[in-house]
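What follows is a structure written as structure tokens; I'll ask about it next.
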């Protein structure tokens, strides 16, 4: 398959994943953003700002170059494009990034932002994460304080990714969850596993 | 686009939103009501009373004039038509109003009716609300005691809207949530964001 | 419309309601039962035992006569047919009966079986119930202890319906909720309203 | 119906059940596995490892013989194939096995692994389980500690099934729930009933 055909396939998978996230109500009120890495150096295809991600089609994605310029597509790129870049830079193996807001990731991110991290451990489902082969594994999920200063936020994200190089996602307090993977299918598998575990942990904490 | 075509478009969007609300079980037992502003002065198109809002079609809507008379359409207008009027009067920029009953807005409205208000603050999702550009924003949601005296209820709503002119919605105790926006898409974005945050706050308070 | 056409219409509505209940997961593991009153004296059309109610079609329903004999249709009538009969006898205005198992009605029925009753009060949604015109209304929901002795269970139900003639439904402890209405649409409206309120009350009780 | 036609029918039902489980989010991140017994001695048809079970089609299933060799189909059999074998061996009446990860079965399995068992009692829905004719029945659900040593896990499962021969399912701590039945329809009915009851018990315990 040519590189172009491969990207077209990934973009279709990204749109399908966005539709699925919307059906779960994981991208409320036009929130969330999704991207795949382009074939040219430092190019990414990312969802535009303000679009209802559940209705996203391949033609909606914007191709952004290294300088942040929109190379193709209509609309404003997500303000969070720089955060996607940080992840692609620190994780050269990542080919897709998903960012969603769920009730449970919102609750947990607020609960753990002081500690700066939450742990997921002992679950068989952790084996769905790349590189993990046992339930006796501790996934370290960094929790960053949110800010509207995106330069600062990018710096916090960079720091978190370097601190926990094996992590599969990062929480922003009151600002959703970022996860990535080699391809869209991997990112989606990570998202499903981690959001499931956020709900399990959340019900333990916010119950009695 | 002509004014008529524009309203037809908005009415179609309103019906789609009502169907979506029904699928989320946000308009149980024929509750809820939806309206858009008409083109003539003080005319509104509103859902009829007693209709299952999930099955609402454009032809079901009633056009009501300033005196409350049904200008076109079959059926009884919602008893809450006057509440819609109050909102359109105090908020000339509003072109659509959505009213739904959800489990979380019911729980929170009962919890906060004594205080008269609940606050939502610190969430990135607040940026989905018109005029809000940061998570460091406090949304004031007035909570009104319910009454079957609609003249009294309209007066309470009028007072609440004047007290908090920047608010994007109002809760009625045990009687759902009203939100509005420039067009149906804005009202829906406000609804999605605020109901999401009601669930987050509700799970903190009710351990559920 | 002839009596036969009217019943055919109601049976179609009953099947649609059963499918909707299944989609909400309110009739798990072939539980639940649904009926409409027939045109001949003391005839009822009821769902058969053991059928996945979500797949119920008009041809699946059994017509039962006053002596309990299957007049038409294949299969075994629900063991709960006699409970439907009790309701039709005490409530001559009822034309349809719905019985479902939900998580919330199960939790509340166990919690309140000692008291024998639970109250729902102050909710605008109570106005969805026939004969109720204000939120300042107390719906008395009797809660009966369950038993496999159906003669005894029928006697308990008869007593409960006589004790609370204005009630719109009855809970059986750990055995679901019965509600009824003039036609399927009314029974469904009652079901939606009451199950919504069971969830609201349940989250208050089983949270903190 | 020939044995081959019967198995084809069961495989179709298995795929439909897998799709339904995926729609409930009971097989997140490619977790879960499903099998039916083959016609030849000790042959089973099982879902392959790593497949999104919600998209499973008959052609995806692997036929495995007594020695664990893949007789037909592409892909790697689930690592849990041996667990399915243990169940088919101890329960000769079982024709289908379902294994899912749900939030509630995960919470309860962790809570009860020390005790080694959890009880479900008093629910009418227990009558959905083969051999159970009253709500006054105690279903004993063994809870096994998880391990990546599948020989050890198979031994623990074998012990649990012998200890509670009337049980209809077994929990693995943090590793989902196994249930079985004479045919796919029975296994599914058991799954629906038991997962419903796990949620009821879970909400009592976790206030959620």
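A few points about this structure:
Per-chain numbering from 1; labels A, B, C and D assigned in written order.
What we mean here is this: a residue touches a chain if its C-beta (ideal position, glycine included) is under 8 Å from a C-beta of that chain, and two chains touch if they have at least 3 such contacts.
Just so we're clear, the structure is a prediction, and the values are computed from it rather than from any experiment.
The rotation that brings the Cα trace of subunit B onto that of subunit C spans 90°, given to the nearest 5. Interface of subunit C with subunit D: the two copies contact each other largely through different residue positions, with under half of all numbers used appearing on both sides. Centroid to centroid, with C-alpha atoms defining each point, subunit A and subunit D lie 32 Å apart. For this pair, subunit A with subunit C, the centres built from the Cα atoms lie 45 Å apart.
Shown for subunit A are the residues that touch two or more other chains, namely 206-208.
Those residues of subunit B lying in contact with subunit A across their complex are 24, 122-125, 128, 133-136, 189-190, 192-193, 196, 199-200, 203-204, 207-208. Those residues of subunit B that touch subunit C in the shared complex are 25, 28-31, 101, 103, 106-107, 110, 146, 148, 172-176, 202, 205-208.
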